[in-house]
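First chain A sits with chain B, and in the next complex the same chain sits with chain C.
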Partner chain A sequence: MASPLRDTFRAPTFIRRLFSHFPLITHPVDPLPMSIEDFYPSAARQHVERSINTLYSFTDSTDGSVASFNPACLKWQTYLRIRNVPFDTHPSNNHASPSGSLPFLITSSPSDRISQTVPSTKLGRWIEEHAVGSANTVDTDGGDYRAFLCLLEGAVRDAWLYALYVDPSNLSSLTIPKYTAQTPLWPIPAILGSQMRQAAVDAIRKSPSSSALPAGTEIYEKAMEAFKALSILLGDDEWFFGADEAGMFDAEVFAYTHLLLGLEIGGGGGVVAEGLGWFGNLVDHEERIRRRWF
Partner chain B sequence: MSPIELHVWNRAFGLPSLDPECLAAIAFLSSAIPQDLWVLVESNNVSVSPNGSLPALKDGSQRIGGFDAIVSYLHSKNSGGYDIDRNLTDLQKAQSIAYRSFIRKTCLPIVSLSLYVTSKNWINVTRPLYSTFLQFPIQYEIPHTHHVRAIGLTSHLTSLIRDIAAEESRPIQPVSTAFAGITATADKSKPQEKEKITTRVRLRNLLADFLDPIGEKLAGQNFFFGSASPTTIDCLLVGYLSLLLYPKLPSPWAKEILQQEFSDIVAYTNGFSSNCFPQNITYGTPDENDKLTLINWTKRTIENSPQSWGLTDDVPLNQEGYKAQSTAFWVAVQGVIGLAATIGSVLAYKALTTERKVDVELKEEVAGKEVYSTARGSVGDVGSTGATSNRTEKERLPIFRAEDMLGL
Partner chain C sequence: MAAGGSGDVFDILKDAGSPDTIAAQRAAQKAHDEEISIKAQRRAAETIQGHSSQPVYFDSITVLGAPKTRRPFLERLVKPALDRSDQGDFTLKDALRELSKAINGLQHFEIFHPNIPFYIDTPSNYVYDPKTPNNPIPLSAIINVKERSRILLKSGTDLGNTEGSAYVQGSVRNVFGGAEFLHVSASKGTRTRSAYDATFTTPINSSPLAAIELKGLSTARDNSHSSHTELSRRFIGTVRWATPAYKLKQSISYEGLWRTLTELHEDASASVRRDAGDSMKSAITHLLTRDTRDNPILPSSGTLLRLRNSIAGIGPLKGTVAHWKSEAETALAYPLFKGITVSSSVRGGILYPLALSGDAGPKPSTIADRFHIGGANDVRGFQTGGLGPHSGKDSLGGDAYVAGSLGLLFPFPRVGTDSGLRFQAFINGGRLLALERPPDVQDMNIAQGMKYTVSRLLSEAPSLAAGVGIVYGHPVARFELNFCLPIGVRGTYGEEGAERARKGLQFGVGVEFS
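Here is the complex of A and B:
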């Protein structure tokens, strides 16, 4: 007889009662995704066609001429503007990105209707293929270019992370409000904030030039040294490496100088921003790009 | 005047230290300072350094940690007499700073891959090496820390690491020769050979990524900026290159590729390293407080334990306010969540149990099988349950209910 066994394995009344309440609500069916128009061209014809590329980035505005507040996003935004690619920006966050990092570009051109998603790692090549040629002919594989790029991605980036994410005053006054603007519900900004801070500490510690116990003063000193080196590199030229037109490296430098000079950074980071002001040619370089493209 | 002490990691591989930054500092001091003014101390004790990393310099009461800080400290000492970069132009000084970060970013992963992450080298050479100069419990902690850091630094090379590991494990695999003919190894050997070549090409590309710009810059000169004497960047470069070139390893890919394809860089390293790592370095003994004794080590481990357990991140610079705030915040969050969960569970239990209706379980025989059905009725309402059971007996249709699916 199976009945005693069944008796043993029957769920308790309490559990059965609980589960009989589900589902509580049945939600209406989701609408079809917008990308359905790729498969049904007739649907696309009815839909107002977007005629412009969209750059999804950390930003407050949908206007492509408003600078992003994230250096990695601002770098690509600047370079797209330098290369005259028309685009709108769209406020977004990492979860929206197929690669997990912003920015990414969703393209749209009248010739092919199927839009293409370009993650930031492939953005450089996409711009080379789709934008009109540039007068900037700096060799991006050259030793000096790569060395100074390492300086920017090492010392300057570490100082940026330390000032904006690790330093508590800027974390609560600048970083958290900006990055959690889309989810301003009470505990979420605080939780995301502490997660971002931890991620920044980890990133600084992983940096090859970091010591075992990274300290703010040391990081800021290295950043000042880096800005001094960049200032000497720029010299009296209009653009870096004596180019005729702004290029990728100018966008990279601008991404940091614009934000450091523009944001009201407090604490030790404020000292770096102030120190950056002493290098007149870097300030002029920032203003040159800002005036022309933003 | 007591000589300046340079605290470094232990000597290894026929070199005065096993760490590239320490080697760079040794090269710098022997190029910049007269030999009798400094001593090398193999203290292996990171607490000597204010920033927790060796090399560290101890000049009287002054302590300086890290290669960059040591260089700038000694440049300003002795009214610039120890400044080996004094003849460089401003642009060259800027390049020197930039190339320092370039070398660290591109070469440190290669050195880590070669010495720590290539498992054959780690197991047979680097790991046992630490046991030769460290005491019993410490010889497990320090190499582990270094290994973990090396793995972190090479995390972007995962597929390459896997290929190296696969290549290494292969010669062990053919256990039995008796079945060799059946499993047709002749066919297999060719793709293996091919795979080996691809791994080698990828390793070569990894090295070329670092060495091509350096080789361009050197262009056959004796020193990086073409001067007659070494500058800071030469010291750092030789520190990293000698760890690729001189250790005798069971999986010597770095050395082989360097010797085969980058002979000018090998010549540069050989030329400079014999001068900057002299045989007659004066060794000093560390002070009692700087020695890596069991007591010192235990003290430091206990002091650092909150950080290693993830309770605090010891990032200095007035973090106390933030820490206090964040701790209080988390306690509050946990309290609120706990309270909400308690109240919620009490309410849920009440809602589900104090309902005025009860389940009456009916056990019936339907087509020779036992089935259960549940009739719901108010307490004491015998009539309704009876009616339901009567109905099921007659019609024998709606016996099963969703909630019973769980019971069956």
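Here is the complex of A and C:
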């Protein structure tokens, strides 16, 4: 179909015949520039064999069992561990990601130099294709599931963003040092910090569909209500929705509970973290996942 | 009755206003004026010649017409002439030479209109005493300058290396009355997608040979050959000086750079993703240039030597990258016969990783610091960044390289050598390698690795391409259209990690070709 057009632009036969003789000599391909692991192979070999999968995320370790400090990254990291997919982590940033935000996975086999990049949007399907089957058979299209997911991605996430990015004391003591560890030199952390804060403000504004930024107390109250609902949902079960094995939703809850309970958050965010401590079953749930997979 | 005669008068009157007549009259007037002025000049020259050995001294040198220029700045320019005069043994010839030096100095700064007349007279109270003709005669000199407009606004299009751009710029001349320049510009281009630049330059001690330059620069550069866009904001402070006797130009600069590798292509390789994001470089660079070429765009004779050394990240410099980067470049142009010239160039560089202050050991280089070679005005017959290590379609760059070219330029038949048109035939090539660990060594030792890499670089066959083409050397840029064929390439087309050669036509525009 496209061939007549292609023929028009095709080089004349004698040119093609001439081109086919060049280059006259083909040398073998050169090695790639070394990575930090190639530079210090003995240091990198301290933990297990290097894995073929690398999760690029907000982390300060290359060890896949060290939790990320970012909920979106920790969610996928936890789910990968729950599903028993071997992987290393690599400290990275949003610029590196094909989707514009972390995490993403690079699968590569060192032998043939070819790698595949899986953005977080396609990570779920990739895991289904590459991991062994799971006992977690929760219906992710169910109304209940979606409602609780909304609660988590709305109220809880807003409280997280408000506490860590909008609250100036946490921004400067926790968020900026963690996220600008690659470039800790004046004035870059301050500039990036104010950009992150603005992005968080925009994200919070978008979710409750009002243009004014709600007061911190209001956001924190909603988060407490959400935790209360999640605590009731979990009840005395081991995993959410009464599943036999931890699943995506457990990973998602853990991503927030682990970070809220573990970080020393000050201000109003600290009150939320403290309040979360009252829901014993959520605290146990966090500990269950942490002990088993981290 | 007198129709004929009156007709003549009318014709003359009518003709008087016609453009031809006016032009003829003007030409005649101009020729007359020129003749008078030539005669006057000749007379003056004869007078001066006749009295060139007359002892004199400067009673005063006055610079007129510079209300916005600071007095100390002008004093420093004129002082050498006065000092020389005070030493005694000073003739009229010396006086004229010293004045002309001072005027050259004034012209150099581009703050005055280039035509600077001067007058010499004796002071009004001086009375010539014929009894003592060998007593030095006092002179008062007047240099009549005209300051150029202080503010200059300009917009236009420009050609740089492999790219075109459109710009707006504004300059303020003589900001503080000492030939300081402030220059701001914004441009949008094909490869450097946007650039904003503010530069302040000031001469050191009124010298035309030394200057300090402070520059703030923000650019967004499309590095498609490595699947990303590089944003950078930098501050550069430079001290530059020249040694005219050896045609040497040198500079030492400090650069603070914050760059972000972002907007990665969907198929960007893992190596590019690893280096994406923010980094900060803080470096000191020394640059030495010795250029004797008759024309840098299309040289037919002369040599070029350029050495660039920079140190980043160590000790108090800080930053997030640390290395020593050293590059050398030489070029030679030699006229053969009948307007045919031979030109050649050799260059090379190494990037030697160092330990950041506070770090235990050196870290590997990043894609933004490594060398990328290949392209229409670099190593022809290869794509931009076409040589060296590749992953997917990305040029990853290397830590050591050599490149060279040998070419012949022939004048166009019937056009001659004055036009910028030439035919050319060339062969060029290069080798770009990433730092490697010697095969039998376990842990990385940088010195050992660099030694091994450089020995490979020099002992193995380079990647080569040859071609013929047309060159047009325009005063602002050089245009080339070449038909290239690769001779030696690493990896076959389509193979993972292969170099990216280019067969067939390649078009290049640039200010620097190698």
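The rule we apply is simple: the second predicted complex is superposed on the first by the 233 of 294 C-alpha atoms of A that agree within 3 Å, B and C clash if a C-alpha of one lies under 4 Å from a C-alpha of the other, contacts with A are read in each partner's own complex, and residues count from 1 in each chain.
We take it that contacts are C-beta pairs under 8 Å (C-beta built on N, C-alpha and C of every residue); 3 or more make two chains touch, one makes a residue touch a chain.
Everything numeric here is computed off the predicted structure, so don't read it as measured data.
Using the contact criterion defined above for the overlaid structures, shared-chain residue A:Ser194 touches chain B, although it does not reach chain C.
In the superposition on chain A, A:Lys206 makes contact with chain B only, not with chain C.
Of the two partner chains placed by superposition, chain B and chain C are both touched by A:Phe19. Of the two partner chains placed by the overlay, only chain C lies in contact with A:Tyr56; chain B stays clear of it. In the superposed model, A:Glu128 makes contact with neither chain B nor chain C.
By the document's definition of touching, of the two partners only chain B reaches A:Cys150; chain C does not.
In the superposition on chain A, A:Ala229 contacts chain B only, with no contact to chain C. Applying the stated touch rule to the two superposed structures, the overlap between the chain B and chain C interfaces on chain A comprises residues 11, 15, 18-19.
Here chain C touches chain A in the complex through residues 258, 260-264, 266, 268-271, 273-274, 276-280, 318-320, 361-365, 367, 370, 388-391, 396-399, 432-437, 442-444, 460-461, 463, 485-492, 495-499, 501, 503-504, going by the rule given at the top. Of all the residues in chain B, the ones that touch chain A in their complex are 46, 49, 51-53, 65-66, 68-69, 90-91, 93-95, 97-102, 104-106, 108-109, 152-153, 212-214, 216-217, 313-317, 319, 321-322, 325-326, 329, 333, 348-349, 352-353, 355, 359, 363, 370, 372, 374, 401-404, 406-408. Of all the residues in chain A, the ones that touch chain C in their complex are 11, 15, 18-19, 22-36, 38-42, 54, 56, 90, 92-98, 106, 108, 112-115, 117, 180, 182-183, 185, 188, 192. For chain A in complex with chain B, the touching residues are 2-3, 6, 9-11, 13-20, 142-144, 146-148, 150-151, 153-155, 166-168, 171, 187, 190, 194, 198, 201, 206, 208-209, 211-218, 222, 225-226, 228-230, 232-233, 235, 268.
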